[in-house]
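Next, two complexes with chain A in common: one pairs it with chain B, the other with chain C.
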Partner chain A sequence: MDGHMDGQIDSVTPTTLDEPVSETILRDLRSVYSKLRVVLAPSNVRATSYEDNEALKLLKDWDLWGPLLICLILSVLLSVDAGSHGALVFSAVFMLVWVGAAIVTLNAQLLGGSISFFQSVCVLGYCVFPLVISAFVLLLLHTFVNSIILDLVIVTLAFIWSTRASVVFIGQFISEERKTLAVYPVFFFYIFLSWMILI
Partner chain B sequence: MATDGPETLDFVNIPQQTSSSTPLSLNPSTSNSSIPNPSSQTSLPPPSIFTSPTSTISTSSHPSLALLHLLSKSVPVLLYIFGTVFTSNFIFLFVLLILLLASDFWLTKNVTGRRLVGLRWWSTVNEDGSTQWIYESSDHQNPNKSDSSIFWTFLYLPFLVWSLFLVLGFVRLKFQWLPICLVSLSLSGANIYGYYKCSKEQKGKLDYLVKQGMEEGLRGAMGSGAFRGAVWDVFTTGNGKGYETVPGQQV
Partner chain C sequence: MDDEDDLLLLNDTGENSSSLPPPVSFSEPSPMSTPAAAPLNNGLKAPPASLCWCFDLRSYQPYFDINTSDIKHRVLSSLHVWKRSATTQDVDYFLSDVLGDNPDAYGPFWITMTLVFVVSVTSNINQWVHSTEDDFESDIDSLLNAMWIIYTFSFGIPLISYFALRCLGAIQGINFMILFSLYGYSLTMYIPAALLCVVPSQAVHWLSLLVASLFSGALIFRNLVGRVMQSEETKSRAILGWFAGCQIIMFLCLKLVFYA
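Our next item is the complex of A and B:
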């Protein structure tokens, strides 16, 4: 489920197939990890030097493993706290993340953006990661203190972080005038997720 | 309609080669015994995994891969059906199933397709952001027959099984299981679509099967007077009065 392939078209003796499975898994894990780091530090993307454009290049190599893991972790975290409705919350959050990402992507594409479907879903999925961190922090926090103000602060911080990261990436592909139009759905998507975390 | 004996009550009348008491069973020693033989001798269907499983796997050129392909598709199905017997933790099952389905997708796309049938599909992203899908087939013209039969059977079969589960889930109102079915359908559907586009040979085989099926069904149906009467009825007045004018039909 990767967007990058070796240039070799020889399909009978492929270069990456002969590597042991552990190497393949490690390669994918490293790719996921580096993307997460890029998401967590999005301020690099605005600079135009070559090293910082690496971040953009990295996100061109979309893969869906990261969003899948993030979505699963988020669903697990949210359902742990939900008590008797755990299973339903889990399925609902899972579907919500994927369907929401798909809708936001469609919107961006209809606005004439030059980003591919899977790239955008990938970016949106990865940018949910700060919200996942906040959900985890909240879970730990609730064992000590049950302050709604603190919850709000943490989730708001994470929400701003996520939205900013994804806007910076998607904004690269959409023209200036349409940028706010494209940003709104992203905004709502993350608001909805934050609300689910708060509840 | 008067009761005129067994012929008019049979909807389809396929000539029986064996006695009617032998059940359709897996008989490993003789392959193709339960499939009605097509009358043409030019190309028999390859030994099916269902009629001779052990010989099919052993004649494959990558037996362990074939078995892996088979297992990676059956295990999620079995887990879906029987998982609740072993654990009451729905979330654990869900996560396990999703991970199994994802790894099965990866396996089919990257490993078994390449090794068993020499086909490959992937996508690249162009500079302007559009996605380009690439379909590849190897130059070897003679894939191992057991390999391809195992591969294609277990590519289409899980899709059908999971569609059935989806429908059952709706009907039984077990909505929390539906995302799993949807995920599985989209993953296996993606694989089917990719490999289908790769393989022209497979298209030909499907056409052959569809034609065979239709011919078999029509041949059997034509032998029954009741069916002829019903078809005639459709083409005449359609109000039931067409019965009297059907040739050979005893009402």
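Our next item is the complex of A and C:
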């Protein structure tokens, strides 16, 4: 599902056709890992211009494996926490991530942003990762303490972390006078997810 | 006046029906930012003559051609229900002065979404306060309920009203998008009201939702009454009754389903 296809198989350059499957999977995992690092490192997203930023350039090479993994992990974590409602929570979170990301992207496109659909879905998906961490921490924490204030603090931190990277990303495709309109749904998407984690 | 297959998206504002713009080919780039006052029917609105137009992003783009300042202005004006139109001194300030010929879908859609979220969160907090730790239900149900109830109000009712008004022939200068925009923006007042419903007191719930319903109803009424009254008296009475009934049902739905 790599967004980057050459279409030409040259005998000089090494091809990926005859490599072992394990290597292919590892390569994909490595690329997922490198993108995650970009999203998680807060110092990388400060640059205002997209073209100048090496880190964000990496995200231009989109894939959907990372978001799928992240989304599955989040759904499983939350459904474990939900007990008897598990199946419903799993499907709701799974749908929310994909439909939400699609709506946010469509909204940016409708506002006149020159953004590629899957690239934006990819970035939005990767930026969910801090929330996954917070869901995991909460799950562990609930075996010891059950304090709402602590939950709230952790999820809020994760929410800010998630929003920062994606807002910078979406914001740069939209003209200045419409930035707020495109950024509000992004913000809303993560609020929704944070709320799902909190309950 | 307009074709059967594209009656929804065509800008049938009555008075300029004879001077519809010629269809322009879609390869033309859409204008990035049109000033708010300028009408948007510059050829972009005419959909291609097949069913595919509803899957084409470009057929929706005119309704998202709006800036942050316009949205801010529209949301704030939707709360000024008592204002009169500056030019004609009519009560339809919102439709004639704010929306004009330029209804948008961004505001209604995201106002509704915000309201869905706020309602489900506050109703959940209420349930949580009133319940013991064990019988606390999952939030998913209230979220799904809020979603279908509130979207039915903001999308379903304008759709039904539009077709009913069309069949009755009691429609003057209103297309579906204008009705949808009006209903969407009328929900603005419900958002602070729903936030206020965090307070776990029945009196506060009734009062805040009632005030919000009055604001919302007043906005819809003041803007539609002039246009509806132009038809026969019995007809217009029935139509106004329908709008009022929807408002009351919405009010009771919110109160009884989410803040019982």
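Criterion: the second predicted complex is superposed on the first by the 182 of 199 C-alpha atoms of A that agree within 3 Å, B and C clash if a C-alpha of one lies under 4 Å from a C-alpha of the other, contacts with A are read in each partner's own complex, and residues count from 1 in each chain.
To be clear about the criterion, contacts are C-beta pairs under 8 Å (C-beta built on N, C-alpha and C of every residue); 3 or more make two chains touch, one makes a residue touch a chain.
In this text, all values refer to a predicted model and were calculated from it rather than measured experimentally.
Taking chain A as the reference, the larger set of touched residues comes from B, when chain B and chain C are compared.
In the superposition on chain A, contact of A:Ser147 is made with neither chain B nor chain C. Once the two complexes are laid over each other on the shared chain, residue contacts for A:Leu72 go to chain B alone; chain C is not touched.
Once the two complexes are overlaid on the shared chain, A:Ile191 sits against chain C while remaining clear of chain B. Of the two partner chains placed by superposition, only chain B is touched by A:Trp62; chain C is not.
Contacts of A:Asn107 after superposition on the shared chain: chain C is touched, whereas chain B is not.
In the superposed model, A:Arg178 makes contact with chain C only, not with chain B. In the superposition on chain A, contact is made by A:Ser116 with chain B only, not with chain C.
In the superposition on chain A, contact of A:Leu88 is made with both chain B and chain C. Once the two complexes are overlaid on the shared chain, A:Thr156 sits clear of chain B and of chain C alike.
Overlap of the chain B and chain C interfaces on chain A: residues 88.
Here chain A touches chain C in the complex through residues 82, 85, 88-89, 92, 106-107, 109-112, 175, 177-181, 184-185, 188, 191-192, 195-196, 199, going by the rule given at the top.
The residues of chain C lying in touch with chain A in their complex are 30, 32-33, 57, 60-61, 63-69, 71, 106, 110, 113-114, 117, 121, 124, 138-140, 143-144. Listed in rising order, the residues of chain B touching chain A in the complex are 90-91, 94-95, 98-99, 102, 105-106, 109-111, 114, 118-120, 122-125, 128-131, 136-140, 175-176, 178-179.
Touching chain B in their complex are the following residues of chain A: 1, 3-5, 9, 11-12, 14, 17, 60, 62, 65, 68, 72, 75-76, 79, 86-88, 90-91, 94-95, 113-119, 173.
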